[in-house]
Amino acid sequence: MSALLRLSHVTKVYRQGGLLGRRLITAVKDVSFELGEEPEILSIVGESGSGKSTVAAMILGQTVPTEGELQFAGKTVAIHNRAERTAFMKEVQPVLQNPFEAFNPLKRVDRYLFETARNFSAGKRPDRQQAERMADAALVHVGLTLEEVKGRFPHELSGGQLQRVAIARALIPQPRLLVADEPVSMVDASLRMAIVNLFGRLKNELGLSIIYITHDLATAYYVSDNIIIMRKGEIVERGRARAVLDDPQHPYSRALKDAVLAADFSPAT
Amino acid sequence: MENLVEIQNLKAYYRAFLYGVDREVRAVDDISLTIGRGEVYGVAGESSSGKTTLIKTIAGAIRPPLRVVSGNVKFHFGGGTQDIYAMKPDERMALRWRHLSYIMQGSMNVLNPVRRIRHSFTDFAFRHMKVSKEVFFEKVAAHLQRLKLDPQLLDAYPHELSGGMRQRMTIALATILTPEFIIADEPTTALDVIVQRDVLSMIREIQREMGSSFLFVTHDMGVHATVSDRIGIVYAGRLVEEAPTAKLFSMPLHPYTQHLVGSLPRIGDPRTRPSLEGRPPNLAMPPEGCRFHPRCPKRMDICSQKVPPLVTVEPGRRVACFAVTGDPV
Amino acid sequence: DDYTSLPRKETLIVENPEGTIKNPGWFNIWVNGGGGVSTGLQQLTMDTLWYIDPEQGLGGASWDNSLAADKPQYNADFTEMTVKLRKGLYWSDGVEFTADDVVYTVKTQMDHPGMVWSAAFSVQVASVEATDPQTVVFKLKKPNSRFHAIFTVRWNGAWIMPKHVFEKVADPLRYDFANPVSLGAYKLKAYDPQGKWYTWEKRDDWQRTSLARFGEPAPKYVTYTDPGPPDKRTIAQLEHNLDIIHDNTPEGMFTLKEKSKTIDTWFPGFPFAHPDPTLPAVIFNTQDPPFDNADVRWALALLIDIKAVDMASYRGAATLSALGVPPTAATMKDYQAPMQDWLKNFEIDTGKSKIKPYDPTVGQQIADILRKQPKFKDQIPTDPQAISGAFGYGWWKPDPKAAGELLEKAGFKKSGGKWLTPDGQPFKIRITVESDTRSVFTRAGTLIAQQWASFGIDAKAMPAEKLWQVALQPGDFQVAIAWSVETWGGDPDLSFFLDSWHSQFVAKKGDNQPPRNWQRWSNPELDKIIESIRGISADDPKGMELGNDYLKLVAREMPTIPLMSYNVFTSMDTTYWTGYPTISDPYTDPVPNWANSRLMMVKLKPAQPK
Amino acid sequence: MTSYLLFVLKRFGQFLLVVFLGVTITFFVTHLTPIDPVEESIGAITQMGQSDPNAIELMRQSLRELYGMQGSIWQQYLHFWLRLATGDLGPSLSAFPTPVSTIILRSLPWTIGLMTVSTLITFVLGNAIGALAGYYRKDMVLKAVSLVFIALLPIPYYILAFVLLIVFGYLWPVLPINGGYEMNANLDLSFALVFDILKHSILPALSLILVGAGSWLIGMRALVSNIITDDYVVFAELGGVPKRKILRSYIARNAMVPQFTGLAMSLGGIFNGTVITEIVFGYPGIGNLLISAVHAGDYSLVLGLSALSIVGVAAAVFIIDILSPLIDPRIRVE
Amino acid sequence: MFTIIRDLARQNMEFLCGLLLFAVIVGFVILSYFSPYGATDIYLLPPDMPPDGEYWLGTTSRGQDVFWQLTTALRNTLFFGIGVAFLSRIISLVVGLVAGYAGGTVDRVLMAINDSVMVIPQFPLLILFYFVLKDNMTWTVLIVIMASLGWSYDARLIRSVAIGLKSRPFTTQSVYSGMTMRKILVEEHLPYVLPIVFATTMNNMIWSIGMEITLSVLGFTDIETPTMGMMIYWANAHSALISGIWWWVAAPVAVIVILFLALFLLSMSMNEYNDPRSRLNRMGS
């Protein structure tokens, strides 16, 4: 019974339109999976509109499943008030898709680090220095220092740096789970690896579990332990990442794999 | 192979002089290249390295603050030679769409959102066709069918189409007049893999069928590997390497190219990939000498002092790196 | 042309000061139904028993028997009034006018509460009957020597209803009286469904109306129109599109005088305007301390520099009055002139000294000031008689020292340049003035506030829309600029307003005060005067003596500070018509909303050949 | 299409709610006024020369009964809605017993005429010049014209109307400045009458147009100068689409979307403008009626007029709202 | 900051003109504190003097110096306009941001109120308020009433921006940083809508000052406080234009136009500064 996160028969139906004659869209259909106590990276892949982001949103507590149940650390996730929300956010943190968009361009980036440090500390609210220490500690994990970040505006940092700051921020409450919804789709190839490598490191060093949502089968193959392939709200295939991708069983999984454009010129290096 | 496009020593800068800020962004800095008839030429490079600026300049689609500082762009359309920056505006206009189509970055959003797609075809192409409306739309329908697009979509509004369909519609619009030269900026970025593959194979098909030349930009090396005949790698406003696709992937010469190619993860290859440290240079204040030198693993003293020239190392293959070519002086 | 087809030379165009009429199709003047009154309806088509003209009148006296053949006949204890009617008068639809119409008028109104004169009849009339076609006898519920006033047109009166029309109507309260049947010399020709204009046409049988006694009315058509605010009126008259302006700003009048060569005014020179028989005054709410104290009221009077007020409000174009009657031509001769000696010797006691506050030369002084302005130089009379006729005799001298003494006598203290009331509060006065309709009042109030303020009183003018309804009636004010005195036109009998000043009518604080005694002032001496007047008939010469007693009483008590006449800047364009009433031929009031202005019709002459 | 129907229904619900709230607010504010129509009426009657206090008290009672002004404010409120439901606005209190609706109907066509024509002209003129000025940024004529309208924009309605009145009615008296048609006009329908009515509407309409066009112009110009950098416009320019066509079908069409919604939102303000204009020019519309009703404390009339204008404005907003999908196809999918 | 203003002034004619005109206005306001005459004192000077060396803008028929009267009137009117703009901005910000961010029922309720305020005929309502409040209708009260009528249009605008901001990723980032709604609205979203707020401030001031003038001219305000509207009221009451005392009307009208041109030019050029797209357009021309 020791699972960090368990989704059992989760369904999410969105309602489009108004009071009468609404249109129902089943974004996620009867999805069940779980993350064990052991830290792992779970990739969720699938075409656009397959419900990946919806799953992420439910795990993050941003939307409530229409049916089914979500358990975190053995307890059903139910958020009714601010205190419960804070408590939950302390455990599960997001990494957003576009690093350039994830920070308010009018505000300094360190602000988010300090805010997080202050709002999620157990006990007394930390003062400025404590908050800085906490931020610095988190930044070290992602290969940055507070020096490099302090007082800077988003446009003064590169996409890779921004994404790492965003991850560092998510690390401050010392969560047990990161949910990264397409964290690299907006950054170019050279930065992409920096982030993906970072995920691997965080799992090992901090014992974090990460849900990694992506289009990019190659990075999913590269970094994840397990994989879930979704199509039209349903899971079509799941298993150890390498096993599944090396030899996909479901026709859709195969189509997906075939669509990947590989630069298959055997490199000389 | 006969050249369709010749670009010589092209420099295009953004000059921003406003409200306490005065800066010059050298987004295209001394680039020369040629594109052959029927060739697919890919430009790769990381974000904000000047890819878009380069092809905007080639397409003659510049507006302030972007200015062409020097160099020229020549086309050999219909047997003649056209220097796009020596032409009158209406001559340049006449070139467009007949001979030269340009699919802008973000081509999902280039269709007029408040009119049916049909009207876009009329606006862009009807004048050139010199046929009646009925015949025109028959031709359009035939073209769409060739691209596996339902002609009924002409009566849809852009927002009623998915991103991939819009992308394809734009490509159809750009190719309806079978231009000799098609320029496309990131035509597949932000599409999902399956759609992306469809779009790319469509581009390839048209190009083969019509024999057009293609210049296109993306930072996705996988796409280049699939589509391009030849690839130019741009780093911080300069062309640092140019090679036929197979050669570039199998034996990249420039350290930046090597990194680009070497860091690509592949399914079935679980080896750890290194990631490149540092950040792309600020084009308003690029580093002295080779612009890559602050991040370069093979950095030498000379790299921070002199700009490495683009040297032809073998036919069809050029590279700008002292570590490869040595100091030619 | 066809479109606006009235021949201008035969049409008299008159301003209707009521503006645009909200319910233009309503001609039932006996019900207050949103229709106009001064649209020509009351001036040209209505008639009743008697008229009293504010000026001389045409019949040789201001009193005129109109439908009545004679003056009212009372019995000895004033409980019965008999009226004899003229013969040979006809309604415009050819039906003869008889005593039945009069009886019907009274009875119908009594039977329909809500009709305009219904209440007035109900409280007074015990019975009414026609003893023959030309005689009506009223039996009253209690003695009243002035019952006939209700049928006497001052500005208007209880108009006679056409019995033969109304008796066919189911509910007179809901009847609009479209196509009004007329008893006057004119009948309706056309009106604007939007309520901007009304046009009346001379009756072919005008000889069968009461006006025929004075001759044939000249204008074939009379149009009453809403020309808009003063500026537009001025423009219209400069363009000869408006023959009579009812009222204007002083400046508008000056502009007309300057720019137009064809303007007639009541006074040919300054102040041009016609003094209406109403008396603008500073009205104290005497139920509201400290204004219940005559010393305070007097102190405030002595702080007014009337010359400045005159210049500020009327720019000098006012006729001053220190007495409690309006300075009309009639009262000038009946009251103002005879009282001058008394005024000159009148003394007040400030507690520390005795002063004679009256300055008989103020009128002269104002004339002198005005004569210095080049614009008006030639228009200022020089004859002392004419000056006092136009500008008034005298007024109270400003006397801050005496005012201070009076205030101290009343327990006020001065501290740090500010006056404190006996209970130590700052002396604060808010003067309520009318905001839009009577701008000269606003101006006067503002200046008086300034004068009081400069003496160390926290005084401010405050405009109120609907001054009467929101301030005077409910007693929701401290000091206001308004009038509570209006006389009965050219007649010296003061009971028209004075009767309502009896203490029996003063409302309790917070209740609505019935008209005229807005100052809510009561005084046993005054009650005695009023009761004496009630006991004599209207034309008893003893009335004037009692009037003088009243004037002396209010001069001592100062329940209101009389300022000046209510000057109406009526101007008359002579391009198409001549023969308007002026001070040299004062046959009636030129102000055209007065029903008496029907007299103009027979005196006007076309100025241009047809 | 069902989704469109749904959208319409939803907007209609909103419309009803807005009308309900608006009328309720107005009801209570009007009933707070200290002006009592009975006292008003008594004032008018006593002005005619009566002052007997006993008679006045009697009059007060009978009028109160006649006007039906008994009951608490809540009862009157309920009563008001019940009556309104049957389309009855009750009798006017200052023009008793004439129904409020009769009085309103007399003035309404004038206001509607003036308002629609001037709003239309304002909207078209302002947007046309704005679009041109935004597109041809260097054109001196357009710059000058825009500047004139922008300079007129801040002048309060009242002042501009007044200046027009003085200029065209006094200094250079070529246009009528009072009323909706000539005095003593023959009101049978004729060319002369139509011409006369048009002539009388020139200055009132002009004042509204001159003041109003500027804000459309500014908005449109700003929109256009943003839209010309939008991808689809750049693309069309690159595609060699003729300039006129770009201006019309690409720029103006897209800019009209927010302008059209803006029109709905600004209708309330337009009503204010007409009220003031009507006062200045003595125009026989409901603006003048409203002010006189306020003065007379005739709250049944005030309420009738306010309810009408609330319904009118809300309905216009509603109509523009449900029409906007026709202009902007994107709204349909939501 | 200073360099921005300097460069704005150097490169942007509109800004420079706006700045100069605004300086004139500020100058007037400052001068008002040095007026040699009491603001409400009348008949101190010879009336109806045309502009000349002694009375720069002439005197009124009430014997006041138009120039000095104007300084005080401008100050009062400006403070009134600023007061209304400030208060109504606050209301529209709160309503717009909260409605946009909270969405759902909160949004629907707020927008229903918003739309109801939008369709209420303001002018008659203001007059009714005047009748109801009478003596209590001080300028402060009028500011409050005007503010509570003048926010709805802008609240809608702000809401539409706020809806967009709500779905921006940095909002999610803020939420997961544990910030409260108040903090997110005030610190994250507010800066984005401030340009709109500035731009609408001008329109709001045009509206409120226009209303002030109209109400004053019709006599529905406190006649003792000199304002632009009050000046025109008194001029009207003295038939100034008909009597040829044109300077009494022309002076306040001119100053109002200057005031609004200044506000307009400033807000336009500030907008341009804020919006990089229109900045590029400038370079294009």
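Which chain is which? They are A, B, C, D and E, in the order written, and residues in each are numbered from 1.
FYI, contacts are C-beta pairs under 8 Å (C-beta built on N, C-alpha and C of every residue); 3 or more make two chains touch, one makes a residue touch a chain.
Keep in mind it's a predicted model, so treat the numbers as computed, not measured.
K.L.:
Which chains are shared contacts of subunit C and subunit E?
P.N.:
Per touch definition, common to subunit C and subunit E: D.
K.L.:
Based on the averaged CA atom positions, which chain is farthest from subunit C?
P.N.:
With centres defined by C-alpha atoms, farthest from subunit C sits B.
K.L.:
Between chain pairs A-E and D-E, which one is joined by a greater number of C-beta pairs in contact?
P.N.:
Answer to which pair has more contacts is D-E.
K.L.:
How many angstrom lie between the CA centroids of subunit A and subunit E, rounded to a whole number?
P.N.:
48
K.L.:
As a quick test, compute the distance in whole Å between the mean CA positions of subunit D and subunit E.
P.N.:
The separation of the two C-alpha centroids amounts to 22 Å.
K.L.:
Could you give the separation in Å between the centres of subunit B and subunit D, each centre being the mean of its C-alpha atoms?
P.N.:
That pair's centroid distance is 55 Å.
K.L.:
I'd like to verify one number: the distance from the centre of subunit A to the centre of subunit C, where each centre is the average of its C-alpha atoms, in whole angstrom.
P.N.:
88
K.L.:
Residues of subunit E that touch two or more other chains: which are they?
P.N.:
131, 134, 218, 241-242, 280, 284
K.L.:
What residues in subunit D touch two or more of the other chains?
P.N.:
If we look for residues of subunit D contacting two or more partner chains, we find 34-35, 166, 170.
K.L.:
With touch defined as at the start, can you tell me which subunit C residues reach subunit E in the complex?
P.N.:
230-231, 234-235, 248-249, 251-252, 254-255, 308, 311-312, 315, 430, 435-436, 439, 442-443, 446-447, 449-450, 460-466, 470
K.L.:
Which stretch or stretches of subunit D touch subunit C in the complex?
P.N.:
The contact residues of subunit D facing subunit C are 34-36, 39-41, 43-46, 48-63, 65-66, 92, 94-98, 103, 106-107, 110, 165-166, 169-170, 173, 177-180, 182-187, 190, 192-193, 196, 282, 284, 288-289, 292-293, 295-297.
K.L.:
Write out the stretch or stretches of subunit D touching subunit E in their complex.
P.N.:
So the residues of subunit D touching subunit E come out as 14, 17-19, 21-22, 25-26, 29-30, 32-35, 137-138, 150-151, 153-159, 162-163, 166, 170, 215, 218, 222, 225-226, 228-229, 265-269, 271-272, 275-276, 279, 290-291, 294, 302, 305-306, 309-310, 313-314, 317.
K.L.:
What residues of subunit A sit close enough to touch subunit B in their complex?
P.N.:
Subunit A reaches subunit B through residues 47-48, 158-161, 185, 187-194, 196-197, 215-219, 221-222, 242, 245-246, 255-269.
K.L.:
What does subunit D use to touch subunit B in their complex?
P.N.:
230-232, 234-236, 238-241, 245, 249-250, 253-254, 257, 327-330, 333
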